[in-house]
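Chain lettering (A, B and C) follows the sequence in which the chains are written, and residue indices restart at 1 in each chain.
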């Protein structure tokens, strides 16, 4: 037990843990919707389309500009993607893939124009959870609160639409508007995650917890609880692992990536349990 | 069939429907009274689903009119319930039977609020009405096809609608479920609601419906069941397709 | 239990690491100093002697321009009595965030104070200029002086020892300087031209009268790349000026250097002979100390360009 608590004596690890837990919990709740609505690809597209906003925000206003740039592009790309999904001549998949790669390439081109940008690029893509400061925690908390509020207020309508879009439409709900809200929620999680785990790793937080929950439960409440639990556990254990490895064994394990790795391992555990249940039944 | 005693709840006034530029259904004309059940009959692609969607205000009426509960389809939507085909839904979705039925209350609960005691009571009653109260906590997908169709009807009943639209609810449904569906519909009619149900099953139309609308991209006939389900009219509606009739005879129209 | 399993899995997965821990705290009669680069760490060890426990952040062969601090690094800074950096923007992308995250409130000693900074070649983002000051032994002496002063200020009780050590090391640096000058002097004048992997030897070339023809990576930061045109311009320049060799570096992959050398038909100096541009070699190797690395650089360059060592 000491092993699991030891890393968190210093303020920087406490902040990293707070960020991981906050982000993990919020992303996990969203991931339930992502998995139920089969939005994993859309979520992946959004992680790539927010990226140029991160770069532009950084170029214009330094580190504090990242969240603003990301937010603007989050909104823009959400609208674009929702509209594309609603009406497309080319198949939905293809047009989204085009958007994904186009936006991402813009971001990379912009970054490459700045010669001193490699470390910043890896920071945007993979996060720097160990240097999260108090301000970043506040940003994560605010965005997280907004996300949970939206989901809380519109939860039943989002559920209805997820289960029966035709029925929802017949009832007079604007399905496109509901989809816009959910896509926006996903994009906001990406914005909150940029500093901590980066745009490439956040997709794991947006999919794996919900997927693990779905494996182990047939009820929405159960799925959500397991998803959140998995994310929190992964955040904690991942930070423990990377700290212990670094301080006691001289091994470098990038903290953000280690959290994601633990998350995937936990999914494996969930899969094993689910299979065992099926076999026993 | 009893005489229709209720007011006109749904009126088609030479209505033609279109998706964008393409006209898909022409000249539907007739009315449905409270307490009545009308069968919508025609081959696949005849425009039955489109007509139902038009009653919901989701399809453009390019000429003529559809009047729902004395108003436009969009405005009347609150009191109109739609029961989709059950196989359009994901059987793996992690939602319980009770949760599905409760969804019928959401519109009345409104945005930002949670279903209350009365809503849950209405949902429970609706589930009772289709005979599945004991399955309330089971996952929706664990029920049989017919049972799931009944749950969707319960969802519609929970809405307390004045007009009920059902899209081929009897497809592949077992006898028990069929009985339950018909009984529930009967009760709704007794309370004054009107029912429009699209179906292929002519026997059922004879059994349960007061009127029939024969459709094949245009209206072939709209009138009382016995008078409308004649071989000539059926042939006109179905073209060269095979038909099954009530009783033990099967007629193949050429 | 779960943590142990997970950690084991991760350790097995991760593979290489430098092994052996680098705990932050030294003995109780020592002060803890965190040094960023291998060169600065070497200076601090030489001046600090037994009184100082040095934690070096950047391990040998690691690129200083692009670094993500590990938990151990941040922990070390949090517990440090003093932090010493090389300066001139070398650690700009990561040190400030790391220091503030660690909550270190002490002084961050800038070893470059007092050194005349050369301006950049115009393409880099670093307004601070060329950070590779230590390749000029004269500037290295200034750095050592800064470090000594900082150690004395932080730990007055050790003043005598620090000043003695600093003087001894300073003498070695002076010897190095003279040796470099003599050996480079033996290179035929028209051969005193240098093409390296990235623009790290500006101060060295200025000090010893070598012409810098160009670098494979056109800026001080190792992430930039030569465009097709820049590459062929460089090859043309090499052929034009008659440079005999292209030098690659210990901390960067040699591929581009090899390409340029092949294109231009000149020798590429690589592998064991690579120059130490950004850091030092592994601990215990000849290039593992500043003096060893600089001796190696000069010897390699002089030999390749036709001089006598």
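Rule of thumb we're sticking to: a residue touches a chain if its C-beta (ideal position, glycine included) is under 8 Å from a C-beta of that chain, and two chains touch if they have at least 3 such contacts.
It should be emphasised that the depicted structure is a prediction, and the values quoted were computed from it without experimental measurement.
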Chain C and chain B - chains in contact with each: A
By count of C-beta pairs in contact, the leading pair of chains: A-C
In terms of Cα-based centroids, which chain occupies the most central position? A
Separation of mean Cα positions, chain C and chain B [Å, integer]: 79
Intercentroid distance (Cα basis), chain C paired with chain A, Å: 38
Going by residue number, chain A touches two or more other chains at none
Within their complex, chain C touches chain A through residues 2-4, 6-7, 9-11, 13-14, 17-23, 65-75, 78, 92-94, 97-98, 100-103, 123-126, 219, 221-224
Can you check the complex and tell me which residues of chain A touch chain C? 3-4, 7, 10-13, 15, 114-120, 122-123, 128, 130-133, 237, 240-255, 258, 261-262, 265
For the complex, give me every residue of chain A touching chain B. 36, 153-154, 156-157, 159-160, 162-164, 166-167, 169-173, 214, 217-220, 223
Spell out the part of chain B that touches chain A in their complex, as residue ranges. 53, 56, 58, 74, 77-78, 82, 84, 88-90, 93-96, 99-100, 103, 106-107, 109, 111-112, 114-115, 139, 152, 155
